[in-house]
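A quick write-up on the structure given underneath.
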Amino acid sequence: MASLRVYVIRRVLVAIPMIFILLGIVFFIMRVVGDPVSAILGGHAPQEQIERIKEQLGLNKPILFQFFDYLGQLLRGDLGRSLIWGQRPVISEIWDHFPATLELSICAFLVSILVGIFTGIIAATNFGRFFDHAFRLYGIITYGLFIPWIGIMLQLIFGVYLGVLPIGGRIGTLMEPETITGLYVLDSLLTLNMESFISAIRHLILPSLTLGIYLSGIYTRLTRTHLIEVLNKDFIKSAWARGLPKRTVIFKHALKNAFIPILTMMGLQFALLLVGAVLTEITFSWPGMGTLLFERITYRDFTTVQGIIVFFALIVITVSLLVDVIYAYIDPRIRY
Amino acid sequence: MKYSISRFIVSNIIKNIFPRKGTEYFVLVGFILVLLIILMAIFAPFIAPYDPIKKVGEILERPSGKFLLGTDGLGRDVLSRIIFGARTAVLVTFLAVSISLSFGVLLGLLSGYTGGKFDTVFSLVMDAMYSFPGLILAIVLAAMLGPGILNTAMAIAVIYTPTYFRMVRGLVLSLKESLFVEAARAIGAKDRTIVFKYIFPNVISSIPIVLSLNAADAVLTLAALSFLGLGLPAPTPDWGFDLRAGHAYLASRIWWPSTFPGLMIVILTLGFSLLGEGLNEILNPELRR
Amino acid sequence: MKKRRWLSFLILSFVFLCLAPGMSFSLQTKPLVLGTTDKITVLDPAKTYDFYTWEVFQNIGEGLLKYKPGTTELIPGIAKSYEVSPDGLEYTFKLREGLKFTDGYPLNAAAVKWSIDRVMKLDLDPSWLVSAFVERVEVVDTYTVKFVLKEPVSFFPALVATTPYTPVSPKSFPEDKVAEPTVGHYGPYRIKKWTRDVQLVLEANPDYYGSPPKSRLFVVKFYKNAATMRLALETGEIDVAWKSLRPIDIRDLKAKGKQKVLEVPGPYIRYIVCRCNKPPFDDVRLRRAIAAAIDRARICQEAYKGTVKPLYSMVPMGMWGHIDAFKQEYGERNLELARKILTEAGYSKDNPFNIEFWYTPTHYGDLEADVAAVIKESLEETGMIKIDLKSAEWATYAAEYLTAGVMPIFLLGWYPDYIDPDDYTSVFLHSEWSPDMGVFYSNPEMDRLLDKARTEIGIEKRTQLYEKIQKLMAEEAPVIPLFQGVLTAATQPNVKGVVLDPVMLLRYYLIYKE
Amino acid sequence: MERKVELKVVNLKKYFPVQKSFLERLLSGKIEYVQAVNRISFEVRRGEVFGLVGESGCGKTTTGRLITRLIEPTEGKIIFKGEDVTFIQGERLREFRKYVQIIFQNPYASLNPRMRIGEATAHPLEIHGIATGERKKKMVFEMLEKVGLEPAKKFYDLYPFELSGGQRQRVAIARAMILNPELVVADEPISMIDVSLRAKILELMLMLKEERNLTYVFITHDLAVAKYISDWIGIMYLGEIVEIGRKEQIFSTPYHPYTKALLSAIPVPDPKREKKDIKLKGEVPSSINPPSGCRFHPRCSFAKDKCSNLKPSLKMVDKDHYVACHLY
Amino acid sequence: MKNLLTIQDLRVYYYLREGAVRAVDGVSFFMKRGETVGLVGESGSGKSTLGLSILKLVSSPGKIVSGKILFNGNDIAGWNEKKMRLLRGSRISMVFQDPMTSLNPLMRIEEHLVETIRTHQKIPKAEAKKKASLLLNEVGIPPERGGDYPHQFSGGMRQRIGIALAIALNPDLLIADEFTSSLDVIVQFQILNLMKKLKASHQMGLIFISHDISLVSEIADRIALMYAGQIVEFAPADIFFSEPLHPYSEGLLNSVPNIELSDQKLNYIPGMPPDLVRPPDGCRFYPRCPYGEDICRRKEPPLVQIEKEHMVKCFRYDGKKSRT
């Protein structure tokens, strides 16, 4: 177990330059192309006021110094304050919006994994036959689907024509459960609030289907390829030759092995989940990080945008770290 | 040299373009879809029944004989806008892919072959960009650069450069260790000869696959940027933008201004993905199972 | 096998439960729910400078004076009465006695002075509404407060009714920085719960002096897009759909007739700005040509589906002093006149007037691109103008390009700060402020007229002055009015008490369900 | 008559660092090495075939690549025709390549998949500026015919993927031979070729040797093949040469216990032959932390205390026959 | 003695888009209980497919087209998957070529054994575990290493585990497909010896598939030599090596270097094996055969019975008893 800890520490250390670089890219893009001061002051500010704000925010220093200042600030765990409106701390803006994104992402992820792995298994075990081609095509088509479009189509069908599901928002009016985790579904279950629970689920269905379907294609393809690959391995042949029943061979031997590369891809595809979440959120007016990011970009709220990106980068890295650790945990071949 | 590679690719494609069964139709169907849309883009003025940026009918007319796909919120013909929208999509995709391709391949070759500090720094930067959600970077970039064809193409190109870079670098690294490169060293070939005669030809044969898969992605990214209003300035016909405009009429059961532009996005993306999948099978026969 | 059947039954019933349309659950108190696509920016009167947040302050706060619902007439608010000194420099307000902020702090003259001083000291976006006019605030006694002005201002009572003059509690608000506490206000409602960008839950303030709100519990739901809000209205999830339904939805709702649609002209106007200090629009002829060629009716019909009204003056319709100055000058639209002027200016069909026309797609709603497209078409109809449409995202547009004079001609909109013709004229036309608006217009005659109208107290005199100002503006056309917004609210048939008036601020406390 | 020494290897050593990322190295603090080749010495004489035999992972392939200077030795000397070529670079190295060539084990990977057979064979000529145009083409045709790729004209325009393994290996031979080298290192050239075709490749190599008075270093894991083709044989175990001698001596009187084990383990296509038994424990240990002393001692049934402490050096046991073992 | 296994005119084709690859095309042979058949052939000769088809494990797009597989007198070619499953691992088992990949990397080796045993025998886990450690002991692996994962073992050890798995249920027939070819000679020798020992103690029949004719000679009682999907010669081992009849047998034996012989003259067989999608009309070896005659080109040679248990597929022995 100690070695696992060393492994995790090592992975974290590797992740640090990654964050640094990402942050650098975003910081420089935003500073080179945009001007944060005008964002604060709005339209018409006299020159001296601009200077004053620049002074106040340290924007009159060379850009590299600003970058290091920002890094220093980050190291103290401070993401700064929003430039607009309430000038709230960026971190509280993020915490306000993150649970929504998390809830959506988890649901969509579950949908995609269930659908993807299910179709992938069917395709792989029917290799070369109808279901294989059909689900391969499914994989390709879903990958090419444009999230807002699927979203709008689902909204049209279920929201407008059938009128059975809400097309926006997270929960019905005044149905918010007590905040425990911030995830409405979970919170309403924890507080045994059935009304809220059903409302939350109803609001979740369309967005998580949209995002889930889009992502499922990747898992269909991954499961299919890796399962076929594993099914062709000697140890599977050997398992058949030992007379093991089909279910044992496919689920216990093949799927578990195929799952390792799928897991790795899950880590890599996590970025895609976030991208998808942004578009889904905007299509479904889901009050999450994507909506926040998009809104703040249009208002040029540099610190918030920077903060969101740092946050995203942290999530991406944490997830890949987590995936690596899980990977190391299930695959005994990995030596830390 | 160039001739022989293209011959290799072309002969393989031709050999396989008339499929016999199942998934082998992928490349044919993909090719046809992409070709149709490119033709649509080129001949837009001849095909489109109306001017795409002029009001030609009542607003929000249902699809009918006069307006096959109806009119949008400004009384413009949806069909004509879709047809001209192909121009935007094809042009931006082409620009974005070419920009990212040229930078990515060049840097990848350079970084992979020279190795050392240069390589370490570059691959760190590219890895960081690669692992980060691309669209989010593109949104930031597009918002900063402002709307416009070139700006949008650049924003998209930036996020795909790492894909090419990583692919080319990875290939170069493995090719560098490959036996035939060692064999070339054994007969006394110089570095330059090795890069251009042994490594590069083997790298570029993989490019068409990544290229078409990336094009598919680029179409989606462009659509996403346009959908967020960060793409091209109005009234340029643009599928993503039109989809967003159409979204507003949703509650009125007016489905045509959103359904059709979105469908076009899906079709073009699908065309490119099918093409990429098919090419992958043809050019990497060892992956075929 | 049995287990599986049981499980599938469970799943099926769950799916049914989730999909069952229009399922409603009993709530202990049915609140009145209002939907809006606007948002609360900053819940601090010293910082907030947008209409929607001001609306919220009308409901959770109250000024010394307030408008009588449905009119532009000012009536006492937390002040019982006021007096003006003869020189017009001192306003003395007598406060109602025994009021308490929602945090329990007493609302007295000292608190009023503290609040006004705070606004001036913080010196943020809306503070000019105070500091440009008020010299100082004095506490005369516990319930008497006196404002000393820098110069006589004819519309000071209207200013006092604006949000920056809303008193807040020194107990909950820090003196030196912006804050957004949910207590420390005083108004008909108090905040029960606020989830930013999601919803604001209000409940009746038991300490309010006046009649209690018609609905004890009032919820504002914030929507990101209008289509969702409309569907919510149709499914009965919300009772009132307030700013802003899309024109198409309004048309639809009217046609369906299931919900009530209320409309009044609002004081929100849209216009074109010409950069008057640099070529080409330093040439008044070109400005006049644009003013003549513009097709307001088409913008209103095509982009806004008739939900806005053509406007021929910067002073909105319905406000005293308004005249259709541009209509008098150019008619509704006069292509011939436009062509004539352009020919005079040296342009022809073969040598068209080429110009970049700017708009922003990110501030004025989804329809802005359509508006720009229609303008382009209508101007090009002269055959002598070639428009190159350019767009920039709002922050750049407003913060950089506008004041730097990058854009020769562009679209802009105006929401009033206070309800007075001055707020629709001085900012654009006075040489002191017009550069801030990107107009760069300077005319000593205009400046003289504006200054006079500002300090004059008698309303007849002022009306005459503003008519003159509007005429001069139409002749010179530094800004070209396009249309005036219409306030629209759609409600469930059983909702009563939605009072729409030119003040634009909806009074929630008057709304109720039958 | 003693022939001239063509190649002399003295105390040649190659350690590969175990691949780790920068940070991992930083954290673990030490660098581990694979001791692929550990101080080996031997001589190859002009016109003779030196067979280097060993099991997989014993360092024989590394030795081949060291001799041809495809990788840098860690220590030691490589002397080719009296000239120290251990660390030559640039033009001198390129000149050296004209004389020393290598044939690889895997004919499927040693040819550029995007280069036609003709181009591939002609490439050495171009690189060294030996011939161009028609003359080059003629030389290529001749060479292709010589290795049995007939008609050369047809093969000239084919791509490697259109050829069988045996044919590819002939292309590799043609490419190596077209420069008229003096020393050819053949790294398991027949192990990936069908059994019925192996002899043909061997025959071809022997024919070329006779014709051109070539010197071969023939690397193989198969003692039978080595016996067939070599004049001298060196037995490698875990990066070291344990026994070296003329072919006849190795097969008639093997000294080293490892050599003996190898010899008796080799299957013979004769079911009537009396089956021998070997007393050998376990399997080859890792070359990252090889055993101390004699590297073979943990598996040796004759091992004494000395064997685990002291590394035996090569000792002459007969004329032209050396063995590294404490038993002798 | 009754035959343990009799294969009659078995055909297994792979249906690719280029056409049907006739990997096994009309193969017949037999073996008795406890015997070892060495199935020899070069790569692509169909020997592995033949091995898999005995267990009916040929994977799609391969298919057993026709023929009989008589195991203990029952024609299992017609059996359904369920019946086959019970047969696999318990009555007929298999050891695979690559010890690196033939064990599930995520499972402890003990679990492999226990799983196999408990699939076929309904015994408690503890008992199965005990059995597993006995098996490990039998193949020369310390039973206490049962909790280790496959990657923790060396190649030879893994192959021992593979053998333990295969003999776990005392099968009648063991099929070993190139199971030593990735091992070094010395380890190969050790494993081969182990196999001989186990074969004797368990009285198993063994089909030993290999491309290495020298290796086969060490263990086989009978030799079946395959060429291009067909058995060209089937003979008792001593006869095969001393007196090969088929030109291919002869050529192959002459192309193998023999360490026992000095100054051996190696031969090779010119040409290449045929394309199995479109094999030659007549004898498949004809294009490479030094004795080829016109009839060989036109007609497929019959399988000639030379002696009771010696068959050869060649015209040269058609109607004759000895070599001309």
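First chain written, first letter: the chains are A, B, C, D and E, and each begins at residue 1.
The rule is simple: a residue touches a chain if its C-beta (ideal position, glycine included) is under 8 Å from a C-beta of that chain, and two chains touch if they have at least 3 such contacts.
Chain by chain, the UniProt names read as follows: A, B = ABC transporter permease; C = Peptide ABC transporter substrate-binding protein; D = Oligopeptide ABC transporter ATP-binding protein; E = ABC transporter ATP-binding protein.
Values in this document were obtained by computation on a predicted structure and should not be read as measured data.
Novice: How short can a chain-to-chain path be from subunit C to subunit D, counted in steps between touching chains?
Specialist: 2
Novice: On a CA-centroid basis, which chain has its centre farthest from subunit D's?
Specialist: Computed centres place C farthest from subunit D.
Novice: Taking each chain's centre as its mean C-alpha position, how far apart are subunit B and subunit D in Å?
Specialist: 49
Novice: How big is the gap, in whole Å, between where the Cα atoms of subunit B centre and where those of subunit C centre?
Specialist: Averaging C-alpha atoms per chain gives centres 44 Å apart.
Novice: Taking each chain's centre as the mean position of its Cα atoms, how many Å separate subunit B from subunit E?
Specialist: 51
Novice: Could you state the distance in Å from the CA-based centre of subunit D to that of subunit E?
Specialist: For subunit D versus subunit E, the centre distance works out to 33 Å.
Novice: Got the subunit C residues that touch at least 2 other chains?
Specialist: 225, 227-228, 231, 362, 393, 396, in rising order.
Novice: Got the subunit D residues that touch at least 2 other chains?
Specialist: Counting only residues that touch two or more other chains, subunit D contributes none.
Novice: Among the residues of subunit B, pick out those that touch two or more other chains and give their numbers.
Specialist: Those would be 143, 244, 247, 250-251.
Novice: In the complex of these two chains, what residues of subunit E are touching subunit A?
Specialist: Of all residues in subunit E, those touching subunit A are 52, 55, 57, 59-61, 85-90, 93-94, 96-98, 101-107, 115-116, 119-120, 149, 151, 162, 165.
Novice: Subunit A touches which residues of subunit B in the complex?
Specialist: Where subunit B meets subunit A, its residues are 22-23, 26, 124-125, 127-129, 131-137, 139-141, 143-145, 216, 220, 223-224, 227-228, 240, 243-244, 246-247, 250-251, 253, 255, 258-259, 262-263, 265-266, 269-270, 272-274, 277, 289.
Novice: Okay, in this complex, where on subunit E does subunit D touch?
Specialist: 42-43, 154-157, 184-190, 193, 211-215, 217-218, 220, 237-238, 241-242, 251-260, 262, 264, 266-270, 272-273
Novice: Contact residues on subunit A for subunit E in the complex?
Specialist: 127-128, 232-235, 237-245, 248, 253, 256-257, 260, 330-333
Novice: Can you list the residues on subunit A that touch subunit C in the complex?
Specialist: 34-35, 38-39, 41-44, 84-88, 96, 159-160, 162-170, 172-176, 195, 198-199, 201-202, 205, 282, 285, 287, 291, 298-300
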